[in-house]
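There are two complexes below, and they share chain A, which is joined by chain B in the first and by chain C in the second.
What follows is the complex of A and B.
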C-alpha cells in the first residue's frame, strides 16, 4: 500500500513513517471502536427514522422519516422538560463536584502515614456505586427503610436525625444538619473518580517547582495559585468533561431512565430518536464548555 | 549525637515541601478525617451488615451496628452457592478470567492508541479525537440492541467474547490517556527520536513511564467495570456466567436473603479494592523517585 502511493522508490520519509505507525498503534482499539461503537451508532440512527419491530428473521423496519423526532419534540411533554431539568442540574452540580474533588485530592496528595488507605477509602464509593453491589445493598438492606429514590443516598439520614433527636437538639437544627450531611454525602459519592483523576494529575507536578517556590519565599497559598492550579487546569477541563458526561448519562436521571424504559418496551425507533436528540444536547453543552475553557487552560 | 540530630533535621526539611503552620496542618487533617468518615460509613455498613443475624435486619428503629455478630450469612451464601449446579470456583474463574484479560488487553491497546492520537498529526486523527468524545456520551444503554445484533452475527453470543470484546472498545481509557499525554513535552519524545529510538521504543520507554498514574487509573476503571458486568442477555450457558450474575440470583429471592445478599456484596467488593490498592501503591512507589522534568 505504501509502495503504490510512493511515486519515487525511496525509503519512507519520517512523516510517512509516523503516519504509518500511528495507524498501526491505533488499529487494535480502532477495530473495536468500529464494531462496537460506530456500527451501533449508525444503526441507532437508522432505527430512529423507522418504526422498528422484532420480526422472525431479525428487526423489521417501516420507514417513518422524521416522525419519531416530531412526536418527541411536539407531543411528548415530559421529554423536553426532563432534558431542560437535567441541563440545570448539571450546571449546578459540576462546579461543586470539581471544587470538592480538587480539595480532597490536594489533601490526599500530602505525605502522611496511611495515605494509601485514605486514598482507597475515597475510591470505595465508586466501587460500591457501580454495578451489582449497590443493587444488592439497596434491594435487601434498605427494603424495609424509607430510602430516597436517589441512588447516592445509600446512607440512612433517618438514623442521624433520630440520634440527634435523642440528644434533644432543636428540630430546625436537626433539619439543617441532616440536609448538610445528605449533601456532603451525595457529593462525596459522585466525586470518587474525579478525585482519582486529580490525584494522578497532581502526581505529575515535579517537586522541584515547590522547592523553587519555597526558596523564593512563597507560602502554601501562593504555591497553590501559582503552581498547582495552573498545572491542574488542563485536568480541570478533562475532569469537567468526564463529570458532565457522567451525570448526563447516569442511568438514574429521568431522561436516561425514560430512554432505557423505551428500549425495554421494544420501542427501538422512538428510543433511538430521543437518545440522538439528547446526545446532541449534551454535545452542544460540552462544546460550549470546551470553547469557554480553551482560553483559560494553560498547557505547559 | 548532636550532629546526628542535626543531620536528621536537615533531611526532614528537605522532604517537607513548604512550611505550613501547625494550625493549618491540624485543620487539613481534621477536614480529611471528617470527609473520610463520610466515605467510610457505607463500607463499614456493608461489613457490619454482612455479619448481622437475620433478626437484626428487621429491628425498628434500624440499627447501624451489629449486636450479635454471626457468620451465618456467609454459611447461608455458601450453601446457596453449592446448591447451584455450577460450582462457585467456576463462576469465580469466569469473572476473574474475563476481567483480568480485558484489563490487560485494554490497558495495552488504549495506551498504544492514545500515543499517535495525542502526539502525531495525520489525516483522520482529528476525526477520531472527536469520535472519542462522542462515544463517551453514547452509552452502552443506547447502543445495546445494535451491539447484541453484531455480537450475534460474529457468533459470539454465549461465549466469553460477548463480555470481553465490547469492553475493549471503551473510549474512556483512550480519552484519559490522550488528554494526559498532551502534557508530556514534545521535546522529550523528540530527544528519543534523535537518539535513534523507533516509535515503539519511544512509546515504551518514554511515553508509558511518563503517564504511569493514568495507566494505573485505566487499570482500575477497566477491571471495575468488567468485574461488575452481569451479561444476562449475552450469556445463557450457566457454566460461562460471571460471578456477579450468580450472586444476583441469590439475592433475587427477596428479603429473606438479606443477610446472604450483604455477604455476597461484601465479597464482590474485595477484588476491585485489591486492584485499586495494588495499582495505586505501585504508582506512589514509582512517582516518589521519578520527578518529570517539564
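What follows is the complex of A and C.
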C-alpha cells in the first residue's frame, strides 16, 4: 500500500540536471545540521568524559574517563531519582493525554452550532502552550492567596468525594475519580497541540467511509473501531512520540532544571554527561514505544 | 455523485426509522453541550482570573467578599509589572528577535522541505530520518557545545583557517548578540526546526506534479518554479510554521537562560517574576505577598498579550491551514 505513490518516470537528463538544485535548496539546513547538531552532539560526548574549563581561545580539557558518569549514577542522589520519577510521570500522563485528545478531537470534528468557537477555545492552550504562565498561576499564585482558589476548589473536589462517599463508593475508587477530575485542568492545558493533530487527521477521513458503514448497518461504536481508529493509528504514534518528547523535555521538570543549574555552575562535563544519559533514557523509551506500536499501526 | 446521494438518502431513512437513535442523538447532544460549556470554563478560567486580579488594587485580595469583580479598576499593577519585566524596550527587543527568527525559520525550513519533497535524491529518506531525529533529541543534550561555539565563533571554520596563515585564530564572542538567533534560524536549526521541515515537506508533497511539469515546459528554471509555482501553493505550511514558531520561541526560556543570557528576554524574566515584582515595588523580601501577587497576574497578562493578539488575527487561517498541511499524514 505504502509503495504506490504517484511518481511518474521523467527523462533522465533533466532529472540529473535538476538534482543538484535539490542540494542547493537544502544547503542552509545541511550547514546548520552539521554545525549546530552533529558537531555539538559529538562534542557533548567529548565534554562528558573530560573536566572542562573555559580558556582564552577555547576550552581546556582534562581527561576524566567515565568518572562523570560514575559520580552521577552512584553518588549524586538526585539524578537517578529524578529520571525515574520523570519516566513514571510520562508513563502515566501520555496515555491519558492521548485518550483525552482523541476524545475532544472527535467531538470537535462533528458539525454543531458553535463549533468554530469551541475549536478556537481548545487551541488557546496551543498559544499559551509554554506552561510558564500556567505554572505561575497554579503553583506560585494560588499558594500565596488567601482565596483558596486552587484547583481542588475550582472543581469542588471536596464536594465530589463527599457525594461519592454518601453513595457508598469504595474509598480507592473515590481517590481515582477525584484525582482524574483534579487533573482535567492540567490535561486540557497539556493537550492543545495533540487535539490539533488528531483533528487534522480526522478531517482527512473521507465521509463516504462512514456512509458505507452506516448502509452496512454499523453503529457509531463499530464505525469508530473499524474506521476511525485504524485511520488514526499512524497519528496516534506521531502524537504519542510528540507528547513523550514534549513531556520529557518540558522545561519545568527536575532533570532539566538540574542540567541548567549544573551549566550555570560551569560544570560543563558533568552537565553533558547527565544530558547524554537522560537522552539515552528517552531514546530507549521511544524505541520501546515504537516497537510496541509497529504491529498495531495501519498505514493507508 | 448519484450513488453518493442515494447512499445519503438511504442512511437518512435508516436513522429516521429508528426512534431509539433519535433519543441517543439527543442525549449525545446534551452531553456534548455540557462538556463544551464545562471545558470553556476550564480553559477560560486562567485568563479571567488573570485579568480580574490584574485589574484590582491589592487590598481587594484581603477582602473575601470580592471574588471576580474588583472594588475599583486600577492599571497600577500593569505599570509595576511592566517595570518588573524590563519595560517596553524588553518587550520590543524580545518580539523583534522572535519575529525575525520566525521569518528566517520560514525561509530555511521551506527550502529544506522543498528539497526533501520534490527532488529524487537518494539520500532523502536518510535526511528525513535525520530531520525527525533533530526533533526527538532534546536541545539540552547538545546546548553546551552550541554555547561554546558561539562563545568562540569562528565563522564555520573560516576563522580557524585564517589562523593557520596569520598564527592567530579569528574568533568572536557572540553570546550577547542577537545574531545567535538569526544564524541558528537561517540555517534551519532554531527551536523545533526539524518539525517545521517535516511540515513543509508534507505541504510540498501535496502539490500536484503536473503543476511543476507545466512550469518546466514553459521554460522556468528551478528557482522560478519554487517562488512562483510552489510558494503560493504552500501558504498553509507557512501559516502553521509562523504561528507555532512564534509561540515556541516566545515561550522558550531554556535557550535564553543558557546561551543567550540577556536580562531583557521576557520568558526568562517570567521565570523569576516574583523576585522582579518585589524589586519593582521597592519592597524587601519580607513584605506582604499580596501586593506582588496582583503585579504578577498583570505580568502574566502582559506576557501572553502579544500571543493572544496574534492568535485572534491568525486563528481562522491557522485552523484551516493545519487541516490542509496534513502534518499527521
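Quick note on the criterion: the second predicted complex is superposed on the first by the 213 of 300 C-alpha atoms of A that agree within 3 Å, B and C clash if a C-alpha of one lies under 4 Å from a C-alpha of the other, contacts with A are read in each partner's own complex, and residues count from 1 in each chain.
Just so it is clear, a contact is a pair of C-beta atoms (placed from the backbone, for glycine too) under 8 Å apart; a residue touches a chain by one contact, two chains touch by 3 or more.
From a predicted model like this one, the values you see are computed outputs, not experimental measurements.
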Inset, instruction - Mind working out whether A:215 is in touch with chain B, chain C, both or neither, as first, second, both or neither? - result: second
Inset, instruction - Considering only the touch criterion stated at the top, classify A:77 as touching first (chain B), second (chain C), both, or neither. - result: neither
Inset, instruction - Would you sort A:114 into first (chain B), second (chain C), both or neither based on which partner it touches? - result: second
Legend entry - chain B and chain C footprints on chain A, overlapping residues: 18-19, 21-23, 25-26, 28-29, 32-33, 35-37, 39-41, 43-44, 47, 58-59, 104, 107, 110, 112, 118-128, 130, 132-133, 136-137, 140-141, 144-145, 154, 184-185, 188, 196-197, 199-201, 203-204, 208, 211, 214, 234-235, 238, 241, 245, 248-249, 251, 256, 259-260, 263, 268, 271-272, 275, 279, 282-283, 286
Inset, instruction - Flag every residue of chain C that touches chain A in the complex, lowest number first. - result: 4, 7-8, 10-11, 14, 29, 32, 35-36, 39-40, 42-47, 49-50, 61-62, 64, 67, 108-109, 111-112, 114-116, 118-121, 127, 130, 134-149, 151-152, 156, 169, 171, 184, 186-189, 193, 197, 209, 216, 222, 226, 243-244, 247-248, 250-254, 257-258, 267, 270-271, 273-274, 289-290, 293, 296-297, 300, 303-304, 307-308, 310-311, 315, 318-319, 322-323, 325-329
Legend entry - Parts of chain A lying in touch with chain C, wherever the complex brings them together: 6-8, 14-15, 18-19, 21-26, 28-29, 31-33, 35-37, 39-41, 43-44, 47, 54, 57-59, 104, 107, 110, 112, 114, 118-130, 132-134, 136-137, 140-141, 144-147, 149, 154, 184-185, 188-189, 196-201, 203-204, 208, 211-212, 214-215, 234-235, 238-239, 241, 245, 248-249, 251, 256, 259-260, 263-264, 268, 271-272, 275-276, 278-279, 282-283, 286
Inset, instruction - Give every residue of chain B touching chain A within the complex, in rising order. - result: 15, 17-20, 24, 28-29, 31-32, 35-36, 38-43, 45-46, 49, 57-58, 60-62, 64, 109-110, 112-113, 115-117, 120, 122-123, 125, 128, 131, 133-139, 141-147, 149-150, 154, 165-166, 168-169, 171, 174, 176, 179-180, 182-183, 185, 199-200, 203, 213-214, 216-217, 220-221, 224-225, 227-230, 244, 247-248, 251, 255, 257-258, 261-262, 264-265, 268-269, 272-273, 276-277, 280-281, 283-284, 287, 291-294
Legend entry - Residue numbers on chain A that touch chain B, as the complex places them: 17-19, 21-23, 25-26, 28-30, 32-33, 35-41, 43-44, 47, 58-59, 103-104, 107-108, 110-112, 115-116, 118-128, 130-133, 135-137, 139-141, 143-145, 154-156, 158-159, 162, 181, 184-185, 188, 193, 196-197, 199-201, 203-204, 206-208, 210-211, 213-214, 218-220, 223, 234-235, 237-238, 241, 245, 248-249, 251, 256, 259-260, 263, 268, 271-272, 275, 279, 282-283, 286, 299-300
